[in-house]
């Protein structure tokens, strides 16, 4: 556990996080200010956290905030670190981290597609990645209603008796 | 050459188709039993072929159709040349080289049609099939070459007839034991059975050359496969296992040899194509060369035999 | 008409074509067509005057069947290829020079094949080498021309040496007499034999002289590659033929060590032939350029021809001689087909094309039939000749050479299929959507060559009858021919019946195909792609490193060209050293060394006399 | 489609249907979790080869398109593309409750609810997931239907092509799209 404790103290000293915790075994979570993310990532990459496992996002709709979560992994120490930062939900703009982790290009596109967060500096941001021909607000935002979308797009099966015919086909055309 | 030859040739084709397709069905059952399954019906292969012929098909242009016809035509011509228990529809045309190179017409047609579909998987499959052919053919041809030198004949029918009359001891597989082993291994490669089936690998390259075939094209491919199997097994049977004095003996031996390859392939994993080449150029090639040198320089097994 | 007059007319016509081309490029191109067709007609009409001896000033000619046969092969390649000339004139740097040299080299080959003595032979040989070297450098690279010329020069010098040595012993330049005079001294005979055949080997591209073929064929003008491969390479076969027939190699080396009944020097040359089959095949498999691929295939086929001719027996020899014709037809047709494609698309790189069959179906059929012949598949000509070579080998029990022959034969399926698949089949590239088939004038020679290839496969006895005459004139037992049938000790081949049965099978398959319901036509892009949508045909075309898993098995093998490069670097270094020691910037020093060397030679001559 | 439609097949078609029924080759579209139930159905315990069924590598060769589980809009596009590559007669089997009515993904923004709006389903096998027994039972039923000429979904698709196309476009926007990884 020594390496964990020294890592936490290092992080506290170097990044001055708003808050740190240990959510699980050999995992560290640190909440930083949005403008501290870049420096923190560069610092941690130097310390051996060479892998960006994922970049994801959480929609805190009551606080009107998006929380970006960067999870890093160190292959030398075997420690995961979550870096969390909250940005304004109404103005979801953030800078890209592709200069530090080039692989973040796809994660940022994913977050953009599902939450609408814009990462300035990522050239491919507006190319579609997962959703093909999406025509609504980003689907993982809390104010998106999947049931309504599903009802409007994908017809439901209305009556149970039809199922008994076992032949399918469009009886109701 | 008169009309009767062609009638005989046609009858040979029909008979071979029925015989080989039945045998394939039975061998599917054998494979199933190896895997502790009940297996398909013995006539399942007929159903599959007729079903495929019944369906609609898609075509990717004239070479896609032409290649299929050329393949089946070439293979059927080769079947007519194969001597079966002393019977030949066109006597005298059963030269080893004619048969093995006429077989290549069929393969070229199939490769052409497959590549003509425009599907890259088909091209990859063809590339593998041709590489596989280069691997198995050299050891086999060396052994056959030795045999032609030793017996002074390149006629498959004559070579088969020479082995008869001495029982098992007359078989070339016994006279040239290393050559016999090479022949059986090469037969596995020729038939595309495991472990040498990387060119049709269904899960990896979506059945390779067959990827775009459906309907009657696929039916043609199945018929072609039956005929090709017959040619390849018959070639090895005639050259190394003495053919057959009567048609019944021939059929029995044929069934045993073919089922034997099925059983071997039933318990084998698959070689990568470069592994197959390496294998053939290490073990069977060395065996074939040793066998060739022994026969050519000492006559052991051919000139000196009881 | 005497040969000398005929050649003089050809050379005058060549000079005329120079001026015609200078006036009008296209007309100059048509002039080469007319002149080469005239030459072909003249040579064909000479069949009757076989056996004549003629001389003109210092030159001696003798009209032999073999010379006639070779001339016909050569002129077929020249005249058919010349049909392409008018259309390529605007791509040439020096069109007038090209046409002139084209016809001069053609005249040179005729003179060489009808040569009655060594001086004539050598003069015309050099004419061809020089004129073709200047043609090759009009293509893509000059380096190719150097490689070609250097290797030809090695052969030429060796031949000159052999001729002089033979003259010093037997005192005559007349081909047959000069060689038979050597019978008394087998040591000299061996040196003469090896030195003489060296030029043949280098011309035919036998290992280790094969490096010039891919360079020269690959970068020669597209209209000259068919001639190089179909024609000029066969000059080497002529030398090989002279080495074993005019030079009675089997008799002179009769007392030497024999391997399977073949004298050791000849067996050694056969092994070289076998090696070139293997190397040609392996290298052809991994080429990315269609013309280089076909060039390496010429190396491999040269191996078959050499082995066949060197066997000098009833069957194998006939096979070698016939393969010469078949390969000339097939290879010229294949090169012409590639040239036709290059004419429309501007490239010969296989990975830059695809699906040309949908735009150039006739060219495709030409290429298909020529590669079927090259790979030795019935019912084409190549099969019959390879069959004869195999039968000859099996008769003698030459195991290792046969193994190489089989390797080359099966390997050829691999390399000939590659351009077929990459250039003609597969996806049609967006860039080539509007490509059209070549015009009738370019299609004509290709179709003629194709029909000849087919005829050679169905009625092989037409060619084999000439070969039997050659065999008789060479004093060996001719191959037995019955009506449509070739008989050998190991069995017989009835090519016509094989063709008929093939047609029968094809007819059944065709009927079976058309009685079933018509199939739905779909586009090339509508293929199974694991249900993914792909819109770019270039990405869906498999052509680059086609046999990657197989190529990987031998990509570390040493390269002959690199070996030559190392040697040349070594020689350059040595030259630098010599220059530094003996020249050093002061002429006086150089003169001193020359005088010193001269003194040493004179003294040594005096002492050892 | 109605069950009691009169059997007006010609004798040739009857023979053809006999062959089709006894040699049913499948293309599994492994869209969802249902695919895991196929290996036990295929191997020695249940052995579907005895019914003449077997897996095939490509849609061109196959007779049955087996949709094993939920379909996202993205996969539905590929499924439709695959179905149109198949040769008639061709059949579709919906597998599991997701293809029937959306199953547990009934309110998802990404998955469709009813497969038969987009493709002519000949047979549904209900369950989440259906066990191999149920699958075998369903296959036996399918074979019976083909034999009797009742599995006419492919013809239905041809006849009502506009209706299917309209449904497809309503839900998917466009069937064949360009995506970045292949351009």
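So that you can tell them apart, the chains are marked A, B, C and D in the order they are listed, and the count of residues begins at 1 in each.
Please note the rule applied: contacts are C-beta pairs under 8 Å (C-beta built on N, C-alpha and C of every residue); 3 or more make two chains touch, one makes a residue touch a chain.
Just so you know, these numbers come straight off a predicted model, no measurement behind them.
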Check B-D against B-C and say which one is joined by more contacting C-beta pairs.
-> B-C
List the centre-to-centre spacing of chain A and chain B in whole Å, with centres computed as mean CA coordinates.
-> 58
Quick one: chain A and chain C, Cα centre-to-centre, how many Å?
-> 67
Taking each chain's centre as its mean C-alpha position, how far apart are chain B and chain C in Å?
-> 35
Note: chain C residues in touch with at least two other chains are 520, 526, 528
Listing for chain B: what residues touch at least two other chains?
-> 56-58, 206, 211-212, 215
Per-residue multi-chain contacts in chain A, two or more chains | none
Full enumeration of touching chain pairs = A-D, B-C, B-D, C-D
Listed in rising order, the residues of chain C that touch chain B in the complex are 260, 355, 357-358, 361, 364, 368, 372, 375-378, 383, 387, 390-391, 393-397, 399, 402-403, 406-407, 410-411, 413-414, 417, 420-421, 425-427, 489-494, 497-498, 500-510, 512-513, 516-517, 519-530, 537, 540-543, 546-547, 549-550, 552-553
Chain D - residues contacting chain C, complex = 29, 58-60, 77-79, 81-82, 85, 87, 176-179, 182-183
Which part of chain D faces chain B closely enough to touch in the complex?
-> 16, 19-20, 22-23, 25, 43-44, 47, 49-50, 52, 55-61, 63, 85-89
Residue positions on chain C within touch of chain D in the complex are 520, 526, 528, 531-536, 539
In the complex, chain A touches chain D at residues 124, 127-133, 135-136, 139, 144, 146-147, 149-150, 153-157, 163, 165-171, 173
